[in-house]
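Report on the structure given below.
Every chain is named by a letter (A, B, C and D) in the order it is written, and numbering of its residues begins at 1.
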Amino acid sequence: MSPRPEDTATLLVSCPDRRGLVAALAQLLYGHGANILDADQHSDASVGQFFQRIRFDLSEMHTDRGTLERAIAEVAERFAMEWSLSYGSRRKRMAIFVSRYDHCLHDLLWRHRAGELDCDLPLVVSNHRDLAGTVEQLGHHLHVFAITPETKREQEEAQLALLAEHSVDVIVLARYMQVLSAEFVARYPNRIINIHHSFLPAFVGGKPYHQAHERGVKLIGATAHYATADLDEGPILEQAVVRASHRDSVEDLVRKGRDVERVALAAAVRAHLEDRVIVHGRRTVVFD
Amino acid sequence: MSPRPEDTATLLVSCPDRRGLVAALAQLLYGHGANILDADQHSDASVGQFFQRIRFDLSEMHTDRGTLERAIAEVAERFAMEWSLSYGSRRKRMAIFVSRYDHCLHDLLWRHRAGELDCDLPLVVSNHRDLAGTVEQLGHHLHVFAITPETKREQEEAQLALLAEHSVDVIVLARYMQVLSAEFVARYPNRIINIHHSFLPAFVGGKPYHQAHERGVKLIGATAHYATADLDEGPILEQAVVRASHRDSVEDLVRKGRDVERVALAAAVRAHLEDRVIVHGRRTVVFD
Amino acid sequence: MSPRPEDTATLLVSCPDRRGLVAALAQLLYGHGANILDADQHSDASVGQFFQRIRFDLSEMHTDRGTLERAIAEVAERFAMEWSLSYGSRRKRMAIFVSRYDHCLHDLLWRHRAGELDCDLPLVVSNHRDLAGTVEQLGHHLHVFAITPETKREQEEAQLALLAEHSVDVIVLARYMQVLSAEFVARYPNRIINIHHSFLPAFVGGKPYHQAHERGVKLIGATAHYATADLDEGPILEQAVVRASHRDSVEDLVRKGRDVERVALAAAVRAHLEDRVIVHGRRTVVFD
Amino acid sequence: MSPRPEDTATLLVSCPDRRGLVAALAQLLYGHGANILDADQHSDASVGQFFQRIRFDLSEMHTDRGTLERAIAEVAERFAMEWSLSYGSRRKRMAIFVSRYDHCLHDLLWRHRAGELDCDLPLVVSNHRDLAGTVEQLGHHLHVFAITPETKREQEEAQLALLAEHSVDVIVLARYMQVLSAEFVARYPNRIINIHHSFLPAFVGGKPYHQAHERGVKLIGATAHYATADLDEGPILEQAVVRASHRDSVEDLVRKGRDVERVALAAAVRAHLEDRVIVHGRRTVVFD
């Protein structure tokens, strides 16, 4: 029943809400012989915006991909749609950026090997040598870019060149402890996923577990979000929490936090890789 | 932007999965001037079944309801669909059955008053007098049907007559400690919602909190499900859990359990009232 | 086996950590024939502070309460302990303050009747008439103190007089939408429990659900804390969260939030009533 | 303030509840100059049993360990206590048993390296070759014992010999798909930790995710428990759940389940390694 993944495509659409949108797209796809496998939509009444994700089967299309894309572009213009189309036959290419903490890195590499993350993983990048052995051991090479205030600009240029050379689509900051410049971020809009080690917007900035301990909170959390030029302010993809108590030292919070960081980040990465995310302003629509 | 609730309708569809389903329904509604507000669908590959919920706006339809219904019936026959259509202009009518525990009753009555449950509430029924005062105090009348093995059949007949007289659509067993006969259940298929005070299928049968205590579980739960002739075996609508520990006596488990029972039952009742549930075999599709 | 509640007492102790503390108190109680039922302790290495809660049985004491208290005072002085002793034979007396939202009020009154909250409930106070009917219906009288900037001081004086007259020990702000003056708060240090409708310190201040919606968070929460002169900054007693998604409007967040507010507030009130809380600086120790 | 871990010891005690227990042990330790760092106790009124965990500092003891142990034995006899004493200076030695699924193995090895699990890890054992490469890559050697019904007895003997040779204290069955014989289990009573991939007692036996899918549950879980001769019936150490929905195929449940299996198993192993568990009948006391 289920088609082969490489015969499918996913269309993401966002536009001002108005009548006839669902029918227009359903009819268009039907007319080209593209069978809808899965359609989910959302209307946000507070901003009058419509969002839709349609996954469809290309294997019995009457027309070719180019024709289909031109048809979508026509409808999109009529309805002022922003849209993107991604083909199952082209796997996304992911880079992982890491510094000294290896829990998210380990987790992502394990999930990748286990088949949970449908992507190629051509690059692991760090601003420190520390994890070179670990990364090697897990079958990857670590690209190290030592960064000082003086070298930051040129090192980021070198990183961008490497990313371009490997055709990277999405960057995961797996506890990368180096703020990316606005220029860098602008090159991958809504394609850089960061994990912040707190329940944002509580505890922005550095040392959130120390802040949480000091404030005496009873839950601690983690937030996966798209990186933007404003640190800790990007659109939120996923959040998770775990109970804490007076018995937890800062070290305990750090340990507990690692578990929720891994889970929140992995869920966010999966959602991105499966084309389930649409960003609108500061907010995300994350289809199930 | 949002239409008035009474101008909307919700269509639920279940049928063998095949191509063209989404387009057929979208096109049909568009053709009658019914604007789709919200559409969610699900294909269960394991059983080859397709499920869809479409909420639409009737206020600018070109045709009348009868014509629309006939058109849906035609499409439904072509695709072997089971379907139901409910109009926002007709509120569902709910009866609550209760015995001696009042936490779910209180919670449902409060939620009803707070506007969380979009229904009329013409009947509260019990097999005991105990809660008559409570129910009265909260502005309802308690209909008492004392039941013994000898009187069960005739009392159920009387209950069914009362339910029919008040045009009840859905019955909520809010800790009703009396097993309904198969005949009674058959009169309201997938329209009787029960709350079982355990995480089913763990701890079926009586005294689940005692069983949970004896087994030393670290989480206790509650399960809201449609009642079927097989006790504790009906399609599950919602489940919730809460942590337990060695410190919890049976009484503590009962107390903690009340909180998750209330939450699970309320969520299930909301889902039913909002036409978000389709039953297929022993399982439910509960759209968000 | 278990003694009658009225034969028990609970000792709470906080002091600089040093050796011999546990033995000193255990020995003292043993020497008076007070049998320890339950003892829990915590050492916070980050601040070098020791905390202990001891519940004991008075029924076979060799000495009287006065003698026991003098003995405790002696040990306390030696170890620079802050301590409090509460007797099971004297139930705490609670006042509930409420404004226009009734979900926490309803929940607390129901829990009180169900025996979950071991206290007397002599007073329900509001700054609005709106809930007078509801409170009446539930068997209590609503004391209304309309408050304007001009009348605030005198109305708070009148409230304090009423609280004193009814020997109130603990005040629960069950969504009381009126900021208490620093003078008022100072009269009930660590004895006023507030529920804030967000996961503090995220979304301090007004309209937290609007803030949460605007920020696009994926979890919303509630925080029960002791009220202090600094709004939203008091020691946290309990926090709870629930998942949110892009589908949730502000109204949905408000509805979901009500459920976690009720649960977090009830847990905090129980902990306080059962003498399980010690405040140290901005943080709480909440024994299980 | 905090003593070095190697200067600490942990005493676990279980006995019929009676007065004077807490004072007797506190006094005993004080008399030997052993400073109590942490004491937690629990009385289970339903069975009249008392449980206590005391962690203390040995660095300023007046007497030697032998003398202390003899003194404890004396008190223990008086009160009919079962007790065990473990010294921080002797790390526990853990063996991991694994079959073909590597998620729990990976997780435990990572946590061990990260310092979350305070133990030596001399052995990784399997009944299959499959994970030899993975285990090697992570810096350990895999001991393979192929098992058929005919060779089971002798292979278990060989495993037991290997375990004895490496002085293993605790065995973790990290998805080990081979039932241990009653004789094997009897050699490590309450020292073999298993992870069952369901919320026990729901879905005992094989293929619990298939069972869960078939039953249409809305939460799936994992249970870490001590292995006993009765499969899936041992004392429960930890349980965790995650939400499921109609959208989850069996494969999705398996994937989601891996996350909760890892978390539940890791928590159980930590509790065991930190001497926070006492078993009484079928139930556990797991101190925080």
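Note that contacts are C-beta pairs under 8 Å (C-beta built on N, C-alpha and C of every residue); 3 or more make two chains touch, one makes a residue touch a chain.
It should be emphasised that the depicted structure is a prediction, and the values quoted were computed from it without experimental measurement.
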Pair sharing more residue contacts (C-beta pairs) when C-D is set against B-D: B-D
Centre distance in Å when subunit C and subunit D are each reduced to the mean of their C-alpha atoms: 36
Computed distance of Cα centres, subunit D from subunit B, in Å: 42
Subunit C, residues touching no fewer than two other chains: 42, 45, 245, 247, 288
Overall pattern in which the protein chains touch one another (line/ring/star/complete/other): complete
Complex interface listing, subunit B residues touching subunit D: 42, 44-46, 51, 199-203, 213-219, 221, 235-241, 245-247, 249-250, 282-286
Partner subunit D, residues of subunit C touching it in the complex: 1-2, 17, 19-23, 26-27, 29-30, 35-43, 45, 48, 57, 60, 288
Residues of subunit B touching subunit C in the complex: 102-103, 106, 110, 114, 116, 137-139, 245, 247, 255, 258-259, 263, 288
